[in-house]
Amino acid sequence: MISRPAVWTARTSVSCWRHRAAFHAALEASAAISRRWSSAPVRGVSAMEDILARVVAPLPSYETRDKSPPPPEPHSLEFMNFYRSLEKEDKVDFLLKLSQDYEVDHQSVAELAVKLLDNQLRDLATILQVEDRLRYSLTPRYKHLFCHISRVEGGVKFLVDLRADVLEIITSKVSESPHIRDLNGTLRGLLSEWFSVGLLHLERITWQSPCEILQKISQYEAVHPVRNWTDLKRRVGPYRRCYAFTHAAMPGEPLVVLHVALTEDISDNIQSIVREFATFDSEEDVNKINSAVFYSISSTQAGLQGVELGNYLIKKVVRELQSEFPHMAQFSSLSPIPGFSSWLQGLLNQYRKEGRGFDLLSEQEWREVEKATDSSPGTQATDSLRKLISTGEWMRSDRLSSVLEPVLMRLCAWYLHGEKRRGYALNPVANFHLQNGATMWRLNWRADTSPRGVANSCSIMVNYRYFLKETPKNSALYLQNKAISASEQVLGLVSQFQKNSKL
Amino acid sequence: MISRPAVWTARTSVSCWRHRAAFHAALEASAAISRRWSSAPVRGVSAMEDILARVVAPLPSYETRDKSPPPPEPHSLEFMNFYRSLEKEDKVDFLLKLSQDYEVDHQSVAELAVKLLDNQLRDLATILQVEDRLRYSLTPRYKHLFCHISRVEGGVKFLVDLRADVLEIITSKVSESPHIRDLNGTLRGLLSEWFSVGLLHLERITWQSPCEILQKISQYEAVHPVRNWTDLKRRVGPYRRCYAFTHAAMPGEPLVVLHVALTEDISDNIQSIVREFATFDSEEDVNKINSAVFYSISSTQAGLQGVELGNYLIKKVVRELQSEFPHMAQFSSLSPIPGFSSWLQGLLNQYRKEGRGFDLLSEQEWREVEKATDSSPGTQATDSLRKLISTGEWMRSDRLSSVLEPVLMRLCAWYLHGEKRRGYALNPVANFHLQNGATMWRLNWRADTSPRGVANSCSIMVNYRYFLKETPKNSALYLQNKAISASEQVLGLVSQFQKNSKL
Amino acid sequence: MISRPAVWTARTSVSCWRHRAAFHAALEASAAISRRWSSAPVRGVSAMEDILARVVAPLPSYETRDKSPPPPEPHSLEFMNFYRSLEKEDKVDFLLKLSQDYEVDHQSVAELAVKLLDNQLRDLATILQVEDRLRYSLTPRYKHLFCHISRVEGGVKFLVDLRADVLEIITSKVSESPHIRDLNGTLRGLLSEWFSVGLLHLERITWQSPCEILQKISQYEAVHPVRNWTDLKRRVGPYRRCYAFTHAAMPGEPLVVLHVALTEDISDNIQSIVREFATFDSEEDVNKINSAVFYSISSTQAGLQGVELGNYLIKKVVRELQSEFPHMAQFSSLSPIPGFSSWLQGLLNQYRKEGRGFDLLSEQEWREVEKATDSSPGTQATDSLRKLISTGEWMRSDRLSSVLEPVLMRLCAWYLHGEKRRGYALNPVANFHLQNGATMWRLNWRADTSPRGVANSCSIMVNYRYFLKETPKNSALYLQNKAISASEQVLGLVSQFQKNSKL
Amino acid sequence: MISRPAVWTARTSVSCWRHRAAFHAALEASAAISRRWSSAPVRGVSAMEDILARVVAPLPSYETRDKSPPPPEPHSLEFMNFYRSLEKEDKVDFLLKLSQDYEVDHQSVAELAVKLLDNQLRDLATILQVEDRLRYSLTPRYKHLFCHISRVEGGVKFLVDLRADVLEIITSKVSESPHIRDLNGTLRGLLSEWFSVGLLHLERITWQSPCEILQKISQYEAVHPVRNWTDLKRRVGPYRRCYAFTHAAMPGEPLVVLHVALTEDISDNIQSIVREFATFDSEEDVNKINSAVFYSISSTQAGLQGVELGNYLIKKVVRELQSEFPHMAQFSSLSPIPGFSSWLQGLLNQYRKEGRGFDLLSEQEWREVEKATDSSPGTQATDSLRKLISTGEWMRSDRLSSVLEPVLMRLCAWYLHGEKRRGYALNPVANFHLQNGATMWRLNWRADTSPRGVANSCSIMVNYRYFLKETPKNSALYLQNKAISASEQVLGLVSQFQKNSKL
């Protein structure tokens, strides 16, 4: 920060480069802001600068880029150990420093841009070469550091975790430095290369897999938590499959995990998959296996956000299952709907404020709610409804349950199909499967009756079905035109919603 | 080729972009040249164009780059099968077409360069973003294709082989298209990421390794060919180690192989390593193991040229051996000197032409050669000498052998130490080990008495010794200052040469 | 049972065979007794007889014994399934039936005995042949069945479990049939062959071992129960080793498991091994490893009782550890003393009845007990002492603890060293290690402060130390002369006991 | 030998034991004979006696048999090393000494036989116990040694090799000592237990199997020798399967190897299997796989003779193939007919001597032979025929070939079906497959046109077909009634033979 401007000035010489001062100012501002964020006494700023100066090798010139010896491995280890020893706040400072002081050399870039636009440049080979130099000069200096780190043992995992920190800084808005965003972009690019699908290994997890892996599988399973050995054994036992992508550079670490149930028909509830143990020790009867139900998919590495893995895992697993069960015809998820209840609560709240709570249900429905909850019409009924949903009490009453079913089902269909963010489905699980080319196929009532399921999505779950011949087309239509493929059941519920609820 | 200019013109709009015509002309010229090269009737140019148009996905805009569905996998397979089915000449055409028609969009690059230089651009975040766009626009369209190919089974191996073809085109000068060079650069960049050391697996090859691997080890061993099962078993048996790097994306394929002999002293000949079988079935006696002699290192994938593997393999193996034999103190190669004999023949030829053949040997030495070969002084003696070297006859005469030893040893020392190419050692094996930081340690007479050894390097071999504490320094000095670390023996021979031979 | 006598009579012909009637009577009696035991209505006696008649192949004659086709595999499976489907009581009947109806053919044996003693038999070859026939005729018919069963998948495990049932029948005295004892002997002989050490596989269990194995390790650990994943991970982590014998015929099934702690000094308490987690994630420091402490050994297969496994496992592990840590010098167990407390309670009870409870402690000691427990001398003090021991309350009082330490230590030393069963140490753990040649080395106070440890052995544990050079001699002395090798500490405590307690 | 009689006399006390002298004399005689056999100076008889006295532990008494410590492991190693160091002749002496001096204690046996026959013995439990003692006393002392040896590393393999030596002694009639036969029986019994099928591991050998295994597979393949890497790769490649039994105690050692070709129809010649490489690198097309042809089965361990392995291997492989190819319907061998040519030569020779050579062929056939070989009728024609067969010249003449086909085919059918040894098929390959329950299904002309095939069996090979539903029945019929299951083709040829040849 301090010594930089001097060097900077010294090297400024090209006439067309006039925004030096702006740069300077912007950098200072950004650093000031970041300083404000971290109230704790900064740990050894000079220690940070020292270590960076030592371990981040200077960028070789374009000409000698292939003749530069790699920096000694201990440098990478030193960097890794230093970073790991930092407190959280210090990590922010350190990453800011790294991203700002060892970024792209803007001046070189500008010089090459000038050169590229030179009128005299008429030779194709030269143009290509200037472009190549430009490409090289657009490489931030820290990228080389990362490449070296990736080579030492545990280096790739270190970078995955580093990126998780970077993402957290960005998401939590601890820093809004554009350099941090660049750092993120660079890391993501590198990780995308290293975690390219061709380098991943599809592993079937069984009860014979290493305990290390199974413990992680158990730990990472966020969708339907694993309770004990028996529960875990069940999920890798007969009529179940558990697959994971692993990577040579992170041995023993499942990156993304897919749980599959092999069933006769596409399951319409999760209880039969994770609670019932009838088939526990039996042999699989191939004739009873017609469907593969993906009932849980979990990414385990926050630092691999934006690196496509889940999509490819599903595709590979489908192929694997087809080769094991050539006659298998039905592929579908059984997915949770996180966010539905809170969206609904928000909606009810808003309607209440706007005094039009009764728009969501038909008159008949309201009457039934009033009767069942023993409340008077109007505000009180809306409140009763909100309370019912937040407590999940209706689950214990058959009458309430049957009153609410049509209402909640159509609201949920709308939430999944109609609510958008930048044009894509708001619900992240829906967005994931629709990107993969799945069809929003069936909403299921009382599909997850666990407290968690009732609280999150009023017990509703949804099947995103993979019609294999349609998925490429669906995927393209969704990604490019934001068009959602949905079944008649779903579309029917949506149109009921549109008719009934004046949203 | 045909439709491009139209599009081109249509999109040209920025004032500073004036070399359009130049570009156009250059492209046409390049295509014309390439057409001339391939005399054979071109196989379906339109078939090529069709397939490329179909499988090379259009580049998504910068904004939607993360929202684009990957092209369907069959496209990648189609591309791979089509390419594999082509005749050699057609491959050249196809690669030219791919590299020219699906290259970087120069216009976008130019537009962004203009934008970057815009005086009004004073905001740091915007600068960074324009740079990122520029970086994105510098990506050739075919790079995306390669990424998709890397994801299908066998895709990475396909690209390694594709690059081998590209390298052959460049080396053999079949095409000097700058686009082909760009294509090579892009492939090399991708392969460097995918074959980053962190993603490689060090495997010790033993007699228990899969036959598939051992057959390849046997096949690839070019330095000292393997003759039969027994020979092969010997090289993975007691007092020997064989290591290879393998890669998750190319299972069963050793990428670079290192053979090591575990000895008491640093070996001064190859016979004792690959011919003598005294220790064949014995147990290793740890007390007799002080040295690790790297007696063969082979890269197996032409397409990975320029991707550092051998260097890292040696480093990893050193660490592996140190952990197995904590007291091991000596690490050295025992290396062939390919090219020495032909260099020497060339030299003798040139001296003869220049009439100063006798400059290479002292008067005394010439007299002995004359005596031993029964030839008269002058031209005849030079010819005798040339003949001796080309036939290797001297090997059978103790007298000739002792006459020639000092002469050939000092000439060889000069060849290795004094002959340069762009400032670096001309001999590729020397260059490899010196880059790694080894010291040119000892020349060994009668070190390879096989016909091959006598023919290639007059029976001389050389030890490049790895003094572990010095290698980083040596490597840097060599790579940056072209300084060669050499022992007194080698330097003594070099100075003898300089005294005796008026080169 | 019913048809046998007829056959029997029909075949009786040799004059010297006169105890037919006795046999007959004895068999009937034995069957009658067994019928009395099982009060439940016997499940299909005829079903049992049917199946046995079908699946137990008739014994081939001596001449054709190598020319008999093995019975079809389904027979073995049928037998296994039938047996598994039986209720516990029916199993007893079934085993009795099998062992009586398909036993040795006594008549043939007797005939051959007569032949062997024939005065005319003067030819060596003939004698050897008659002996071989005799050997063959001494094979019970069910032995062949067992051999066939061992060949089908899961057959060996079935027989191990079958023997566990047989042992339970014998131990629980449900039947005292001599045929059941013979059945047991036959099974034990077969299992000893199949589980011969040369056929066992020593496996080191780590966190990377299959979950299936680790769950079993966790389950089987009876000595110091495993509480959770972390606890389990600890026992296979740094400074710990876990080894098991497995067998090709029972994949995934550890047969006997040994837990080892690697420590600086021989541990004197179990808390530091299974409770403290200081070293949990650290790397092992070889310099801190001087001792191997066997802190738990568990046999997992009741049916392998009497088949030496633990002894061999310890020996193999010692060799394994010596090759991993060449300087390791100390090998010792840290063993529980099951039965000490209940033995002591029994003793106190008996002394009380005999009115000489005060013989066990010195006067001074009794006074301290009285003071500490606020009880009056005599019976009341004895009762207080008994209560203290049964509740373990003394653990919470430093005073009581220091009063009781010398008393309990010397009583325990006596229990271990002086109490015998058929001349061998009464305590089974002591007996095991003494058979292996270990020395009774050190009693440790407050060595297991868990409720279980206090309840079982008043917190005392003992080290049986393996002085490798002495173990063969010690083992032989113990097994043959019943002499116990013990340290001075132990002998000192024993002599204190002898002085103080008038046992 | 020397000290024994003394002990012997001392222990003789039971009145019924009168053949002591006979025994004594017989032993002396046997030793004398064996001394005569080995002409070489006997290596240290006393060394042998010393080592045996040291390492063969005395037999524990019946009562203490479970309380005896195993002899120290070094004893077993000493025995193994000593034996391995012996010359061939000395091995014979050593084995004789071992089998005689450490055999069964005949006196104990006799005493127990007397006890068993005691009229007073009327108690069932006592009878059973005396029988158990008798069983124990019938165990030769060296059996315990073998058990101990089996426990040390490499011990089982040592015993397998030891038995190979014993078998060679018996087969070559170097010794006809009954003790050696007993030794053989004991070893065979032990090996049968240890190599019981439940303890064997079925392994599929592929190109990915360890080189160590594949080299052995290549080496052991005696039926159709493997020539090189390509040939070997072919036999484990597509449309081929190679299976082996391995055993935990002999890792890396295939015990019996089965080669299978997967074909459309049951192969009628070996060339198409081991010579043609059309399908070499292709993927298997499941639709073209209807038959499994076992074209080579080799036992690798001479010492396991008489231990059923091949039979079980075929059964397991059939099951394996059925699970891989559920629709596979045809299982058959394609087997060589070793011994046919030499049997035929013998026959012709005998007929010639008896002057009735012309009985084997019809008149018409003789005429054709005469014409084709240009020989005169009678003796000369017979000689021509013999020469044709021994040289295999007829292969090169279509005419001769078609003349000889019917003759040789019917003779061969007779050789296989009609020639017996102790009532079973004389040809060992036929005997093996018939024991397994196969049907002699089809003789194939020009099925093995290699020089070896022509020399051994006039190019004829035979399919033994496994009709899975019939094999148990066929096996029992063959083993018990010596009845051969044969097809109409075979029976037709046999009856032609009977009509034509007056054998």
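Each chain carries a letter (A, B, C and D) given by its place in the written order, and its residues are counted from 1.
Note that contacts are C-beta pairs under 8 Å (C-beta built on N, C-alpha and C of every residue); 3 or more make two chains touch, one makes a residue touch a chain.
These numbers were taken from a predicted model, which means no experiment stands behind them.
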Where chain A and chain D overlap in contact partners, by chain label: B, C
Need the most distant chain from chain C, centre defined as the mean of C-alpha atoms. B
Take the average of all CA coordinates in chain B, do the same for chain D, and state the distance between these two points in whole angstrom. 56
Go ahead and note the Å separation of the Cα centroids belonging to chain B and chain C. 65
For chain C and chain D, let me know how many angstrom lie between their CA-based centres, rounded off. 41
Chains that touch, pairwise: A-B, A-C, B-D, C-D
Would you mind writing out the residues of chain D in touch with chain C in their complex? 16-19, 22-23, 26-27, 30, 64, 66-70, 72, 104, 106, 109-110, 113-114, 116-117, 119, 121-125, 127-129, 131-132, 134-135, 138, 147, 150-153, 155-156, 178-179, 181-182, 185, 190, 193-194, 196-201, 247-249, 306, 308, 312, 435, 437, 472, 475-476, 479-480
What does chain C use to touch chain A in their complex? 207-215, 229, 232-233, 252
